[in-house]
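First up is the structure itself, then whatever we jot down about it.
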Amino acid sequence: MTGVGEVAAFWILATITVGSAVVVALVRDLVRAVVALVGSFLGVAGLFILLSAEFLAVVQVLIYAGAISILMVFAIALTPRSARDNAETAMRWLALALALAMVGLLIAVATVTEWGPQAKEGFQETASAIGEALLNRYVLPFEVASVLLLAAMLGAVVMVRED
Amino acid sequence: MTLLDSWWDLRDLGHAVAAFLEWLGDRGVPSWLPYLVSTLVGLMALLLWALLSQLFFIWAERRLLARIQVRLGPNRAGPFGLLQPVADALKVLSKEMITPRGADKVLFWLAPIGVVVPAIVALGVIPFGQRMVLADLNVGLLFIVAVSSTATLFVFLAGWGSANKYSLLGAMRSVAMLISYEVVQVLALLAVAVFVGSIRLGDIVSWQGRYNTWLIFLQPLGLLGFLIASSVEVNRTPSDIAEAESEIVAGYHTEYGGIRWGMFQMAEYIAGFVVAATVAVLWLGGWTLWGLEEWVPGWLIFLIKLYGVFFLFIWLRGTLPRLRIDQLMGFAWKFLLPLMLLNVLLAGLEMVVWKETEAPAEVVLPIWAVGNIAIGVGLVVGWALLMGHLRPRNRPARSLLVREVGQIYYRPLEEV
Amino acid sequence: MGTRLLSGLELAHRLERVMPGVVVEAVPEWVEVSPQAVVDVGRFLRDDPELEMNFLSCLTAVDLLDHFEVVYHLQSLRHNHLMVLKAKLWERESPELPSVASVWPGAHLQEREAYDLMGIRFRGHPDLRRLFLWEGFPGHPLRKDWLGMPGQRMPGLETFPGEPEWRGEGRG
Amino acid sequence: MEVGLEHFLVIGALLFGIGLLLSLSKRNLIGVLMGIELMFNGANVTLVAFARFLEGAEALAGQVLVVFAITIAAAEAAVALAIAMALYRRRQTVDVDRADILRG
Amino acid sequence: MVGEPLVINVGPQHPSTHGVFRLKLTLDGERILDCEMVMGYLHRSMEKLAEERTWTQNIPFTDRTDYLSAMTGNLAYCLAVEKLAGIPVPPRAHWIRTIMAELQRFASHCMAIGTFVNDCGAWHTPLLYMMREREKVLDLFELACGARLTTNYMRIGGVARDLPPEFLPRLRELVKELPQRIAEYEELLVENEIIVARARGIGVLSAEQAIAYSVSGPMLRGSGVAWDLRKANPYAAYEQVEFDIPVGVHGDCYDRFLVRLAEMRQSVRILEQALDMIPSGPVQTPVPLALRPPPGEAYGRIESPRGELGFYVVSDGGPSPFRFHIRSPSLINLTPLPEMVRGLTVPDAIITLGSIDIVVGEVDR
């Protein structure tokens, strides 16, 4: 990826993604945190487009930015005001250390490893290819995923049922 | 990098752009400049069109509603009141923007922007003419749904950030409705995708052009579901319960004034245009009109179809009362969703049969058209009967006429 | 044809038969009962099959300078007859009588109105608050001795006391 | 300046780390859920980046895996929020520290 | 919002309270746990004002209580004073009063139904259709008395002036046109699936409750009680005309709506008969300007478009009323509202309030 537009796009998107994620961690108001989270999701979608995975990008927007964020604000709205604080537990410093260690490890692995030859061109069209793959090679996981979705739906319904 | 490549694929805005780019290329400018120029030109064109159309439709809606309601409508500013929307826009621009005490200022400020942006972005994949599209994504159909769905979050934020209980109620309602109707909307689109075999909007239009048919004949049920679901999504009467005036004042934008309110209004119109454009592309053949597109500019045909669909929304607004939220949700889950599922199944079966028999399209498509229209009508009527929409409880009665006072004719409704 | 106005004298006889000593005065137009008995009288009038005064058409109070008069217009929908029941209250400062809201729920708002404007307390009313004026309004304006606001604002009227101060509650 | 696989991997790592921090340190169940979603996203970025940059016949597998990951994330979010609602209804709190009793 | 009741104020400034009236709703989500009515924003203390003015001077007040039905307000007050002072009314005046009252009922029901359907969420279309007919009625009022809304037309002992010669022909034209219009409304609204879905079974008031709560007018009749003062206690010329009382069966919002619609037809029927039966002659009994009715009291009541409108007047022999009480149907019809809306949702409460058809000027007076 060497084009000026692509490089610029990468840095802008990377800033949005990571910056929004940091805001999620810092902001105290849960609804604002969800807004920042959506920013991060959208940034990831942009990165997907940059990685020539536009189908995934659209799915990312649809599921994460469109559905999961809505579910979250809904849950926030349905719990009372006192529960809308986004405070940390006492373990925050330990968590921070752990997270930093994890990030350091991952970055080290990413940069130190020799990844071999890299493809220069992205995919031409992935939507139909993914469709083909899902219904041929990965049909079993596909069915399992659908069963999982059904189970999750039933579970959610049972759990929040008024009894 | 298919997407990035297609960004500047805006050739039919006029050959001017293509010529200009060619000229730029001849000058040996850096490769990103044509990119930027074509994108900017396309964006400006889209915004200009959206704004002018919106101004025109504010006028048209008021005049048409006035016609429906046996009155005249705005007729003072300019010929036929045509300058009325301009005056309105100036008024809106010059009004004070009030931020209520206790509002979450960030969210309150962010929400109007967040509502408008998705509507405009969704316009980017709409093919206005054969090559007049900002970005003909190969996932165009999904893109429209995905981008439109993000607007709901900001509708919620508008209601949440306003520190107003009406706004909050409106926000909760809009979220509840989105969750219900997005499913219906996607299923209706899915049936079309099954028929055409592509979710690129350009492919869908050219498919209809190739077979000289419109999908409205092949997918009437899908169109019905999509129209209803979209009218809910863009919050227009009869399903504007998120901003139901007679109940919760103005719903999520109760506290907004000035240009922020104008942004919500703009978002409503542009989202309406996106829906109308989707209908025109998917079900009404886009820019094609049985060969006439050779003689008439494709975008003109397309815009006429788009405005026709939008007129339908105006007509509905002037005609129908509003359902209650639980009735609207029940309608989505109990009525539309099963029908849409059946519709997808039907479309799949028909395509399989077509593929297997390898019959010519001239034979198969008319059969499917007649069959689908019949099945559609039958399913709607049958399902309505099954759901008990014609039970005696719902059958309208006239009041009794009596001559003597003092008697009591009361009977509880349950006994009927 | 038309609504028959029941004679007060006849009604007085009926009432005396069931509840001796309850009638204070009776003229052809109306019958006056003792204020403490209005609920019992009302229940009898409502339930008696021959009278069946099930519709409280109008409840109001009149300030007659030396006493208050609470007037009930009772209507029977089945028999189509009307009667006027009165109760006189000789207490000027805090006139009080039992509420008939338990007999005719339709008295609810009318009694609140009478309390608000005339200052008559209805004992046993489920929710006796002022109806039109706000709590703390000085006096009861329909009384003959309420002289309005003499030139300046009445004490207690400097602020509009209907709404509490906005305390900066959070969102929602 | 060239953008390569490593850049995307670093982004993925950062998202994962922030998500981990959130899910470990937040008191509110919904905050924890946000962290988990961020971790999902970090992993997804990594997968898609590998699918894009590594050569081989199975390149698309990365994207297919992400499709499954997103599906499961949606299911997981629905269930987690249902848990949050049920927890609130039973115990009047969504504080994960105070939800350590398994009795209903 | 689980376990956290939400209190919202519907009004005093709200599109659907038809004036400055406030409903304080306590909600769980959208479900109404409790409803409290707050009124008095339009309180003008007419009852006190009337004690300072002469009997005739009080007639304009009666326009301004129920400003959507001024004629019936005039009529009820004049009937009460005539009863108190024993003043006869010439027969032509009786008929003019009947015509005016029925025109007013038609106009008022136009507003009631139009705003009710508006509350159901229609975007003003039925309201504006009905406004069209109401305009014609108001034009007739203007012809007769020079005012459209606050007519101040009736006088103690008759009406202010005789009808102008072109009044009856124009009324005849209107009466010919109205049945088609009503048929149009019925076609548009009665079988409208959404209106049926919204209004059927909502805001139910049983006949027993309706009587106990002293509600009157279309609300009482909607609950299945055949009660109409025009029949039960005929005044003006109602004894000589034929008409039916429309009665609902289930006592819900939809039945109240149907009763109003049917009453519009009956009003037209009465007008048709009145056109043929109206006699000529004087229209007013001469009454001294400073009328001093003998000491006593009178309760005059009529069937106004909203229900039983009564005036309880007490005279001490002076030139102005000693006590002037308005039994306003709008106020008393509100009594069961909290009962009716408990357990329903906000939109249901709105249409229930709409189906009661209050006029805040009459609620607060």
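The first chain written gets the first letter, and so on, giving A, B, C, D and E; residue counts start at 1 in each chain.
Methods note: a contact is a pair of C-beta atoms (placed from the backbone, for glycine too) under 8 Å apart; a residue touches a chain by one contact, two chains touch by 3 or more.
Values in this document were obtained by computation on a predicted structure and should not be read as measured data.
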Chain pair with the most C-beta contacts: A-D
Chain centroid nearest the full-protein CA centroid: B
Rounded Å distance between subunit B and subunit E, as computed from the means of their C-alpha atoms: 43
Length of the line joining the C-alpha centres of subunit A and subunit D, rounded to whole Å: 6
Separation of subunit C from subunit E, taking each centre as the mean of its C-alpha atoms, in whole Å: 24
Whole-Å gap separating subunit A and subunit C, where each centre is the average of the chain's CA atoms: 69
Where subunit C touches two or more other chains, by residue: 77, 80, 170-172
Set of subunit B residues in contact with two or more other chains: 104, 160-161, 165, 168, 172, 405-406
Multi-partner residues of subunit D (at least 2 other chains): 85, 88-89
Interfacial residue positions of subunit E with respect to subunit B in the complex: 6-8, 14-16, 29-30, 117-125, 128-129, 132, 190-198, 200-201, 204, 206-208, 221-228, 231-232, 244-252, 254-255, 258-259, 261-262, 345-348, 350
Subunit E residues within the subunit C interface of the complex: 1, 6, 39-40, 43, 45, 47-48, 209, 211-215, 225, 227, 229, 232-234, 239, 297, 299, 301, 308, 310, 312, 314, 322-323, 325, 327, 331-332, 334-336, 364
Subunit B contact footprint on subunit C (complex, rising order): 77-80, 166, 168-172
Of subunit B, residues touching subunit E in the complex: 65, 68-71, 165-166, 168-169, 172-173, 237-238, 240-241, 244-249, 317-327, 389, 393-394, 396-413, 416
Interfacial residue positions of subunit B with respect to subunit C in the complex: 101-104, 160-163, 165, 168, 405-406
